[in-house]
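Mind having a look at this structure? Questions to follow.
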Amino acid sequence: MRRRVRPGIALVTLVLGGCSIQNYQSIYGNAAAEAQQFNALFIIFLVICAIMYVLVIGFLIAGIVRRSRAEPANVVEDGRHHETNPLLRPGLIGWGALIGTGLVALAIASFFADRSMANAAAHEKLAIDITANQWWWDVTYNSADVSKSLRTANELHLPVGVPVRIRLHSNDVIHSFWVPSLAGKQDLIPGRDNDITIMPTKVGIYRGQCAEFCGTQHAKMALVVNVDSYGDFIKWWRHQLQDAPTPTTPLAMSGYQYVTTHQCSLCHNIAGTPASATVGPDLTHLASRRSIAAGALPMSKGNLYGWVEDPQSIKPGAKMPTIGLEPKELHAVVAYLETLK
Amino acid sequence: MIPVRFTDDVADLPTHKFGPSSLTWWGIISFMIVEGAFFMLAFAAYFFLMGHEQGWPPEARKAPDLLAGTLFTIVILLSEIVNTSIKKAVHERDIPAVRRLMGVMVAIGVILLIIRGFEFNSLNVRWTDDAYSSIIWALLLLHTTHILTDWFDTLVLWALIQTRLGYEGRRQVDVDENCLYWRYVWLLWIPVYLMIYWIPRL
Amino acid sequence: MSSRFRANLTIIAAAGLVLSACDREERHSRSKPIGETVPAGQSPDTIYPGSGTPPPLDARAKLYDNNAPAIAEGQRLYMQMNCVGCHFHGGGGMGPPLMDDEWRYGGRIDQIAATIAEGRPNGMPAWRGKLTDDQIWQLAAYVRTLSGQPSKDAVASRSEEMSNTTPQTLTPREPTKTSDTAEQ
Amino acid sequence: MTDAVRRSNALKSRRAAEAERRDIEEDDKRLAAERKKIARDGPKLTGAKLEARLLRTWQRPPGIIGWLATVDHKEIGRRYIITALSFLALAGVLALLMRTQLARPDNNMIGASRYNELFTMHGSTMMFLFAVPVMEGVGVFIIPLMLGTRSTAFPRLNAFSYFMYLFGGLLLWGAFALNIGPDIGWFAYTPLSGPQFSPGKRADIWAQMITFTEVAAISAAIVIVATILKARAPGMTLARMPLFAWTMLVVGIMVMLAMPAVALASSMLISDRLVGTHFYNAYEHGDALLWQHLFWFFGHPEVYIIFLPATGFMSTMVETFSRRPIFAYPIVVLALISTGILAFGLWVHHMFATGLPRVGYSFYTAASMTVAIPTGLQIFCWLATMWDGRPRFQVPMLYVVAFIVTFVIGGLSGVIIASVPLDLQLHDTYFIVAHFHYVLIGGAVFPLLGVLTFWYPKMTGRMMDEALGKISFWMVFLGFQLAFFPMHFSGLLGMPRRVYTYPAGLGLELPNLLSSIGAFVVGAAVLLFVINGIKSLYIGALAPDDPWGGSTLEWATSSPPPPYNFAHVPVVESKTPMWDQQGEMPVITGLRVDEKETLLTTVVAAAPDLREPVPEPSLWPFIAAIAIGVVFITSIFSPWSLTIGLVPCAIALTAWFWPKEIKRNPEPVIT
């Protein structure tokens, strides 16, 4: 039976996928209460579906094997095609009942999973706003004290064990917020306010990605989620609230000059500098993030060079234009950006 | 080829009948189902958009003026008298009466189209103003296309019925089904009328 | 068969329409090689009152004029760079209106691009160095559509926002006057 | 006007009317006499003589004009099938390009915008230009033969529908070739497809392609439904109707109810884009989700519109090759009807992630799952038929087995994603891609390939090569599993749909590579199938009338059937007339042979009801399709084309309807 082999291969991928990838962006991540609920429910569904599948294939094989039986059959050639085997009618009723029961069981299971997710959602302790843009994520941490509110981009930090409500908005088209290791997805729709509640249970770094087709660079619209211990999270928050440091080296200083007086400042905000536009991602603590351009590149000096020099070859169609910096300017700008820890 | 055994002789069957026996009737009914689905979904879209709003029309726009729309409604409802007479006449095969009455229907169609022009003028909004304006324009336009197509259909049939073919049974079936369709057109108008003119006033 | 002949003609006409649409759709994610900049001063920012021959059209004009993706990007920039602040949605306020057919500094796309890049007296800032050349041309392409100059096929009828103007696709098209000497 | 003049005028007109009436009465007498002389089939006119006369009457004129003017459902059906298969091939090539791009992570072979065009074209072509038309094409070809009638209802509408479909397809692919193909996905969600985020004409071309194919599909559905209801052979009551006819009846009605939704949605989209309406503009009281509701109100039934005809293929092939009538016929019919009804209640399950009210979740889950019941029962009936019969495993039957093995996986993964909590994770991932390819390829394309092999002799008069058929079967079956089974895992590992590339290191490399290899195996298999089809057309074994021992009436006529389908219209006395005829086919007599004529029967009992004149070939459907096509295409550019273009459309449609000569015949003739 050759068909046995393929599920085998697939099973290997499953195991590989489940273990070696460290749950970075995977439904097996189990890093939040919601994802755990999903996995428990998924296994129930898989088992019941597998049973049904085996029954169908069993019946099929029985039918194929039975064709070479010796006794007359209910077929045209034997002149008996108006008769029916007495087993079939009860079989049909039984089969219908079995499907019905299975579906009821599955519906009940999903009902309870959904209830417990809804209950968790009722106890949120922290609210975050995420606004999607073509093709990056604008993240705002709100606090009753406005001076403690903070804006960042493409990176989300969550404290472990705290239910967080994430409010979802869109500035342009429909996007979908999805961090598979943590929870299911929810769309960000212009003119509507959606939200999703997540309670992370495992410290770690996870990757999320836009899951609704949103235009040219839909594929490169990712975000990184850091689930920190509560202490680390508070520490991170405090750090993010600080203004950008003043550059110390002459090179960085000339980069600062360029960034705040030329093209960059028209779209980007760097707290504590004249650059205060909100069109593009906030750059105040750019160098502290793990990725560039919504997950298009990992953060590194070399990648910063590449991105600033020619974003359009890395993420064609992205809204950041290729400026055509002179080498001198490029060195300076990258040197400055690197100081934005 | 399998040998054949002859049973019924169908040579004396007619080639036309009024109503569900004829293919034309099924064609018209199918068309009505398709159009009906289209209208129902447009109505659903209307109520879907309305469901979001605090007020309807939103932003305290002025609801459409009633005069032209109400006049249109009265005329189209009265036209059913003529329509029923055509149906009756054609079933009695009274061709001169059919010719006469269909002429009246063509004239009524022209009057309706003229009133419809004033209706567009009395909506008090342009379709570019907001979604409310867009949907009432769409509903009115959609219904206008039906008036227009059925009027044209009546016109062509009227011309055809002037000839000797007026006495041909299958043409009479066409006239009959055209009357059926006209009933559908004015029936559709009633919800459209309410949605354009009255629901914004509630 | 005359009817078939007529049918063929209509197909050809339709095909022609479609063909003419092709280059309007081309997306230029990067319009020129890195490092190349426009030498300042060569831009056609001279005023041509009535007579006088304007210089030949900048070669880049055809990349942007009537190009749908460029116009759309220009529209986005128009909002984001707050052109609305002075010009409103083309109706004019602190700055001159953009939706009429009068152009103080020329209504050709390269002239508008020059106006944006270099700035003009009485408040129009220079955007060279703030925006890339690509963006300036995109803005110019959009600004030109406000007056209904380019073909309407490339223009968006509306944007996803509050709007209190009629769709650009429905506004009547007006002939260009390259300048308005009366106001100078 | 004086009274006297008025009175004399009235008198004059009364006299004229009187004269005309006398004239007509005389004419009636003459016509009644002539009527007696009309030649009809019957014991006196049968065999070769009858066939020669019928052929003369039913044959279409030769040449290109005749080709364009034909109203023969067999020709139109064949064209539909061939055109749809060509689109399948084109969309398949796009799939291979996409799989090449996705074979490796961070691949840059095809750019982002081009890739977006590719999957948009692939999806749109497969759904609108392949799946629905091919099912309707098979229906148009085979249904009249199965029902034992000489022609479809509304044959000219049928011809019109094909041309509309063809023009829609040419519009989409022409635009793609000219680099203005759509890039918004086959679902074209607003506001991405709206005026601001889809500049240019790409989205309009998509939307007008929809309009073309909607008109075509609805026209074909009307033809099919009216044929099934009114043109069945006498004696073929609804309870004796072949199951494929039942599926096409249900599908036809579904098309009529579902397709207007997308036509409405795309009209609104076009008007948003062209004349600045605000249906989908959230900032002017519109709503982007309105699109999704309308689209999926069509989109969900669409899946069943594709799948149900395939169940009809299944029933036909299972019955024939198991040598036993289908088990529990009434259950299968009820299952079909309930699937058709349920399909309209499920559209929300494409929108679970849009933020629906949470209280509804369990209801949506349960409602979405119920559709598994009728489908499960149908599968049982097929398996029971095989089990109780004596199946023969010729190529079509292999596809039946492939259907069961594959489709059931897709159906079960469908149950999984019917659950809202599970779907929130799996929605818009490759798990869904795997699911619907299992359902649509396993559930519709496999039976289609089987049934094309099955009806190939009826279409061409020759048999397809069995050995080649078996090779391509195994390749397509195994290649399919290799291509799509790993996609379940790509999805679970976090790969969203519609991405042109994915980063290395997420564990997606292996499943994607396997999928790409599998895709090429499937491509090769389909190529082999096509080669087999072309080869057999020229050197295949000549087919007898009934090569498979089928049970339904299409096997009672020659392969391929003559233009008039049946020399004598058969009378049906059971569900499986060919198995119960005992060497003699009961037929009716008395249809005209000098003019095209067919028999209409009553809707339920199929008692003879009317003799229906069948239209002669005409160029007007073609011309009308062109006139309407020009309006559709030019309306992309200007709203005025709708008003100006109305005139040629009205002329063409009037000419289509208008009789060629104003003369009364002994019996009506449609020229």
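In this document, chain identifiers A, B, C and D correspond to the written order of the chains, with residue numbering beginning at 1 in each.
Keep this in mind: contacts are C-beta pairs under 8 Å (C-beta built on N, C-alpha and C of every residue); 3 or more make two chains touch, one makes a residue touch a chain.
Note that the structure is a prediction, hence the values are computed from the model and not measured.
The interface with the greater number of C-beta contacts, when B-C is set against B-D, is B-D. Separating the CA-averaged centres of subunit C and subunit D is a span of 46 Å. A separation of 51 Å divides the Cα centre of subunit A from that of subunit B. Averaged C-alpha coordinates give centres for subunit B and subunit D that are 28 Å from one another. Contacts with at least two other chains are made by residues 128 of subunit B. In subunit C, the residues that touch at least two other chains are 27, 29, 158, 160, 163, 166-167, 170. With touch defined as above, residues shared between interfaces to two or more other chains in subunit A number as follows: 172, 190, 316-317. Every pair of chains that touch is listed here: A-C, A-D, B-C, B-D, C-D. Note for the complex: subunit C touches subunit D at residues 1, 3-4, 7, 10-11, 13-15, 17-19, 21-22, 24-27, 29, 68-69, 71-72, 75, 153-154, 156-163, 166-167, 169-170.
Those residues of subunit D whose C-beta lies close enough to touch subunit A in the complex are 111-113, 116, 183, 185, 189, 191-192, 196-197, 282-283, 287-289, 322-325, 327-328, 331, 353-355, 358, 361-362, 365-366, 369-370, 372-373, 376-377, 379-381, 383-384, 386-393, 401, 404-405, 408-409, 412-413, 415-416, 419-429, 478, 481-482, 485-486, 488-489, 491-494, 496-503, 505-507, 510-511, 514, 549, 551, 576, 579. On subunit C, the positions that touch subunit A within their shared complex are 27, 29-30, 32, 34-37, 76, 80-81, 129-132, 134-135, 160. Per the touch definition, subunit A reaches subunit C in the complex via residues 172, 190, 261-263, 266-267, 279, 309-310, 312-313, 316-317, 319, 321-324, 326. Across the complex, subunit B meets subunit C through its residues 126, 128.
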